[in-house]
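So that we are looking at the same thing, I have put the structure below in structure tokens.
Chains here go by letter, A, B, C and D, matching the order in which they are written, and residues are numbered from 1 within each.
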Amino acid sequence: MTHRPIRLGMVGGGTGAMIGNVHRIAARIDGEYDLVAGALSSTPEKSAQSAAQVGIAPDRSYTDFEQMAQAEAARDDGIEAVTICTPNHLHYPAAKAFLNAGIHVICDKPMTASLQQARDLADVAANSKSLFILTHNYSAYPQLRLARELVAAGHLGAVRLVQVEYAQDWLAKPTQTKQAQWRTDPARAGAGGAIGDIGTHAFQIARFVSGECPQKLACDLTSFVPGRRVDDNAQIMLRYASGAKGSLWCSQVAAGAENGLKLRIYGENAGLEWSHHDPETLWFTRLDEPAQRLRRNGPGTSASVAQTSRTPAGHPEGYLEGFGTLYSEAAAAIRAANAGAPVETLLPGIRDGLEGLLFIDACVRSNAADSAWVEVAP
Amino acid sequence: MTHRPIRLGMVGGGTGAMIGNVHRIAARIDGEYDLVAGALSSTPEKSAQSAAQVGIAPDRSYTDFEQMAQAEAARDDGIEAVTICTPNHLHYPAAKAFLNAGIHVICDKPMTASLQQARDLADVAANSKSLFILTHNYSAYPQLRLARELVAAGHLGAVRLVQVEYAQDWLAKPTQTKQAQWRTDPARAGAGGAIGDIGTHAFQIARFVSGECPQKLACDLTSFVPGRRVDDNAQIMLRYASGAKGSLWCSQVAAGAENGLKLRIYGENAGLEWSHHDPETLWFTRLDEPAQRLRRNGPGTSASVAQTSRTPAGHPEGYLEGFGTLYSEAAAAIRAANAGAPVETLLPGIRDGLEGLLFIDACVRSNAADSAWVEVAP
Amino acid sequence: MTHRPIRLGMVGGGTGAMIGNVHRIAARIDGEYDLVAGALSSTPEKSAQSAAQVGIAPDRSYTDFEQMAQAEAARDDGIEAVTICTPNHLHYPAAKAFLNAGIHVICDKPMTASLQQARDLADVAANSKSLFILTHNYSAYPQLRLARELVAAGHLGAVRLVQVEYAQDWLAKPTQTKQAQWRTDPARAGAGGAIGDIGTHAFQIARFVSGECPQKLACDLTSFVPGRRVDDNAQIMLRYASGAKGSLWCSQVAAGAENGLKLRIYGENAGLEWSHHDPETLWFTRLDEPAQRLRRNGPGTSASVAQTSRTPAGHPEGYLEGFGTLYSEAAAAIRAANAGAPVETLLPGIRDGLEGLLFIDACVRSNAADSAWVEVAP
Amino acid sequence: MTHRPIRLGMVGGGTGAMIGNVHRIAARIDGEYDLVAGALSSTPEKSAQSAAQVGIAPDRSYTDFEQMAQAEAARDDGIEAVTICTPNHLHYPAAKAFLNAGIHVICDKPMTASLQQARDLADVAANSKSLFILTHNYSAYPQLRLARELVAAGHLGAVRLVQVEYAQDWLAKPTQTKQAQWRTDPARAGAGGAIGDIGTHAFQIARFVSGECPQKLACDLTSFVPGRRVDDNAQIMLRYASGAKGSLWCSQVAAGAENGLKLRIYGENAGLEWSHHDPETLWFTRLDEPAQRLRRNGPGTSASVAQTSRTPAGHPEGYLEGFGTLYSEAAAAIRAANAGAPVETLLPGIRDGLEGLLFIDACVRSNAADSAWVEVAP
């Protein structure tokens, strides 16, 4: 930290929202950012109140993100980057506004509320010098980074199977919390319920670790809770161009599941298993050898992965640290971009976001076709 | 054990076969059987040698099960029951021979090598006074019995999701062991590879615990190992008449998996989780309450389930005890049948066997139709 | 099993006693014994009733073990071995009677009710051609056998630490079950409560795996339950002649503990961890290497240890299988002894029994001396 | 955060030190502090270099903490609080200097290098209006807070047993890292090696959760690594005035252990178990009821404990979050103290620090007396 913190703005994430606080902690944990501007809520009063609570000066608390993008771009001390953590339907217009204003964007997933928006945003980003970073935070967990390296280095041989799941129970009952409301409203969430909110995370880590994007999928969507207008459960089968197969299950009605993201990858010669319940452990088993318990920052890690740890093995790190790593790597990328240097990063971006919307779109199409196989095609 | 042991015969299960020894231990563990006759192998020499090793008198060691059925039926001290643990293709003719000879049958799964054989055997059994018991041994595990009771008693509310999997890695490489050979030979195994060998187990415990048989399934079968003539992996989606959904994954190429049978059932109000890796624990979680760790023979069990335990909680029981319970319950059923008393039992039988073949058949049909939904219909 | 079963008798273990049934299952599981005689209870009625239930002929149901020893020794078809599973105070006279009658003895632990009895029994055994086998069943668990081999082969380097514990909660409240009564009665249990009943098991596996018997111990005994006349909890520190240190904790009042035997051994170069809660796993960690999960009958086992498995890895075996292995190895030893062949075995015997009583005696002496270090000396 | 951050200084914790970075993250995570001054290292060059790296202005980088205390106390914008994370022998003089200068102190454990220093510091603190907070961070873990509440509310009944352990392996070999050097140098670490570095943590959480400080202990200290001048392993037995018993084991040579802090407390009616390996889970078992898995911020938590969580259950939090909670609660206490309001807090302070040194002293005295029981007396 021999450099000054990056000036950061935030759109969405008012003080009642769980994810807003997560973003702020993630931005603070390594001291790489100063949060100096925001359009935190949709109403002027809430926005001002939230701004005061998080230490944003009144004159830099906005109610309109378009206005914020213009105003901040015009200031000498304007924000260099913005976090977008609104409901899904605002991701696209907000991201577009800031990218066009020359401000780097750190955006929540799914990237947009529709596939068309995703394609459009990809064009916007391609024509902007600013970076677009998507907060698929799980891919910043050290043991998933290590898993990716083991696959890439060939330790599994050809990948045969990718089994990924993400189970929660917080929407098992009809619920009226603010966070539940927009996530179950197609106008704000987009076409996907569980598949958009958590399915895209599962899809992304499977793709990140395996190195492969499925070619086809067959999907059965369900809305278990009476009156629910989006899916709250999805059974999905996957086929890869390489011949690998897989399955993805995501659910928000799995009574007893907390935040159960789990990935298993099996190759010709070895298998990997990782669970968010114990995120510091990566199980690695070569055929005919004992399973190895690879621990964060412990024996068997790599130099590159060790950089994502803040403490020795045995000092549990987790969700906030992973999110923080994403933010700190974003800071490094932003500094490189600002300096005109090449940006080399593992961070998820436009491609991941587009793939996520392709995934959602393919799920919806397959489900409409009675679970027929459909292409997950660009 | 105030009664004398039941006289038992065995077809298949020569001393080289893992499963033959399992059956013998299961028959011995509670002292309910005497093994007195057998056609243990396909060649006279091996059959005689195996018979000697397991204590069967030479004059009751047969090479042909038809002959054995006739000869034993004719003896005053002839066997009362027979275990059939041959490769799959012999289940049907052997079971038919013994049922027709008035000898109770304890038969390995899958019940037959084809759906037609299963239907025929169902007719044979319907016309026989002898019992037919299928060794879906996992349904005798106490904590799966308890799970079934919790579902049946309504503690979960309406079942929404049934997630079941069975992963192994012992066929991950081309292999030439005797056990691998017949299991990967369609002429002896039947149309199913992994779906027949382990998929039927997964299917049966899901059905046993949930109380529901899926109405439809969509299946993607794969043979990963070059040259393999049967599936070694299956991805399956399930739909129930009640509106419940599910998935079933079985694999024999999941590097690092030992014998990973796992069942999760989620209802409106609560969820259950059981894994063969720790079979003495059933996780039970009501929405908004802490998860409960229900242990075999511990607090929270029921009187009926406690009868299937031999030791207090904390004295690990497992595979052989579960198999033994199946045998001991079979002994009780056989004694009841012999006495002309009504046979009330949770043991799997013809219905389970037929459903297993319907499952295999539906998997094959769906797979041939590019994973289209097909009926799992009688 | 090309040989006939060994004729077995039993003293104690009437049908109400948990441990009697365990012994009978253990004797049956591999088919190595026929139970043909017994003095199962202290009253003629109960003894006869129990005998009938376990299939012992009325003329071989005794009420007095002295008489049984005489009568059986006099028969051509008399028992070759006897199981003694009475309360502790009867171990010595019963074992003496059978050893003197030329009958092999399989005896529950602790070996005797007093150190003096243990010394006397050692003399009796030394002058008998019959074998004396002590049912420290835990030392027959495959993964503790493997642990012992790893230590003996030097994979840990010099042993530094031996941490062993055995926690239960079944005596946490004043209780009046038959099994609780004699175990908390010094006249029948001997001087030790928890230290005798479970502490000796913990002591024995630590000694079995590490290869070392502690030289000194310091002990603090407690009787937590009001009115209890024996210890129900013990804190013990251990010192070894080699310089190693250790601790042993045993408790029967640890609310929530089932049957929590756990052993950890640390050497200069590596460490081992085993827990009865998951007895099929031995954790082995070399310094600066990932932990290895060594599974029963899986990669990393040895040929000698594999012989103690009945099924492949992933088919849970446990308490009854371990107990059964002890019985089956006893059968092999008995056959060797009967044939005049050398008896090579890992089975616990007189030495272990004497060490167990030395342990109890040292605990009592140290406790009486305000936990001063005392010798655990022969 | 409607208030401005507290101005913080730091003594020790130069950029090579693991714990310095932990303190800085903990101070940042909730945005409650600005780090503005420091004496980070013992040499001017390193101190300046570290200051630059962590964003401290050159004119507020000191090389002498006495000078820093004077200078900062004299500034209008001087630090309000200071973190002391030096080797142990500097805790006392540094804490004294800042307390006397009217600056709140957040100090690493053990509180001082000797019992006499601890007594002296207690006097200093008693005569200062400034707060003294000791970073026994583990007592800020939510599930240990919950454990404490369950004990205090009487859910366990009278406490009988306190079993605590803290095992590591990072000093299993002779090692020359900077952190290892001072920790194994009695001149800098004080009389305790493992007992000071990690034993005090174990002691403190046992005391924090149980609500009781042991009255007596018996201790056996060992230095396993050749040439080591302090203990690297301790076996300790505990006696409480209430009649409860306990044991404490700490080791830095337990090959395979990472940072294995574990606490188990057993009462008349229920038991608790917590392990740092899975810090988000507290096991709670009432006698004769199934074990409950109490999860951070999940069902069964309390309102007061929930305040220490930043995310919903299932989003793993750990070491840095617990440390951060300690810092944030310290900020609240500092603000209350600055406002002249009463300071109500669960934070460890002088009393805990003094008890920690009494513990170390008692261990050393008991060890010198061949493990005799000694008082842990003020």
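One rule holds for everything that comes next: a residue touches a chain if its C-beta (ideal position, glycine included) is under 8 Å from a C-beta of that chain, and two chains touch if they have at least 3 such contacts.
Quantities reported herein were computed from a predicted structural model and do not represent experimental measurements.
*Asks:* State the smallest step count from subunit A to subunit C, taking one step as a move to a touching chain.
*Replies:* The distance in steps between these two chains is 1.
*Asks:* Pick out whichever of the two, B-D or A-D, is joined by more C-beta pairs in contact.
*Replies:* Counting C-beta pairs in contact for A-D and B-D gives the edge to A-D.
*Asks:* Nearest whole angstrom, what separates the Cα centre of subunit A from the Cα centre of subunit D?
*Replies:* Those two chain centres are 35 Å apart.
*Asks:* From the mean C-alpha coordinate of subunit A to that of subunit B, what's the distance rounded to whole Å?
*Replies:* 43
*Asks:* Centre to centre, by mean C-alpha position, how many angstrom separate subunit B and subunit D?
*Replies:* 55
*Asks:* What positions in subunit A touch 2 or more of the other chains?
*Replies:* 257, 284, 291, 295, 298
*Asks:* Show me the residue ranges of subunit C that touch subunit A in the complex, using the header's touch definition.
*Replies:* Subunit C residues touching subunit A: 284, 288-295, 298-300.
*Asks:* Could you pull out which subunit D residues touch subunit A in their complex?
*Replies:* 1-2, 4, 18, 21-22, 24-25, 28-31, 52-55, 168, 170, 257-260, 276-279, 295, 298, 310-321
*Asks:* What does subunit A use to touch subunit B in their complex?
*Replies:* 156, 160-161, 163, 169, 172-173, 218, 220, 222, 224, 233, 235, 237-239, 245-247, 249, 251, 253-257, 264, 266-273, 283-287, 291, 370-373
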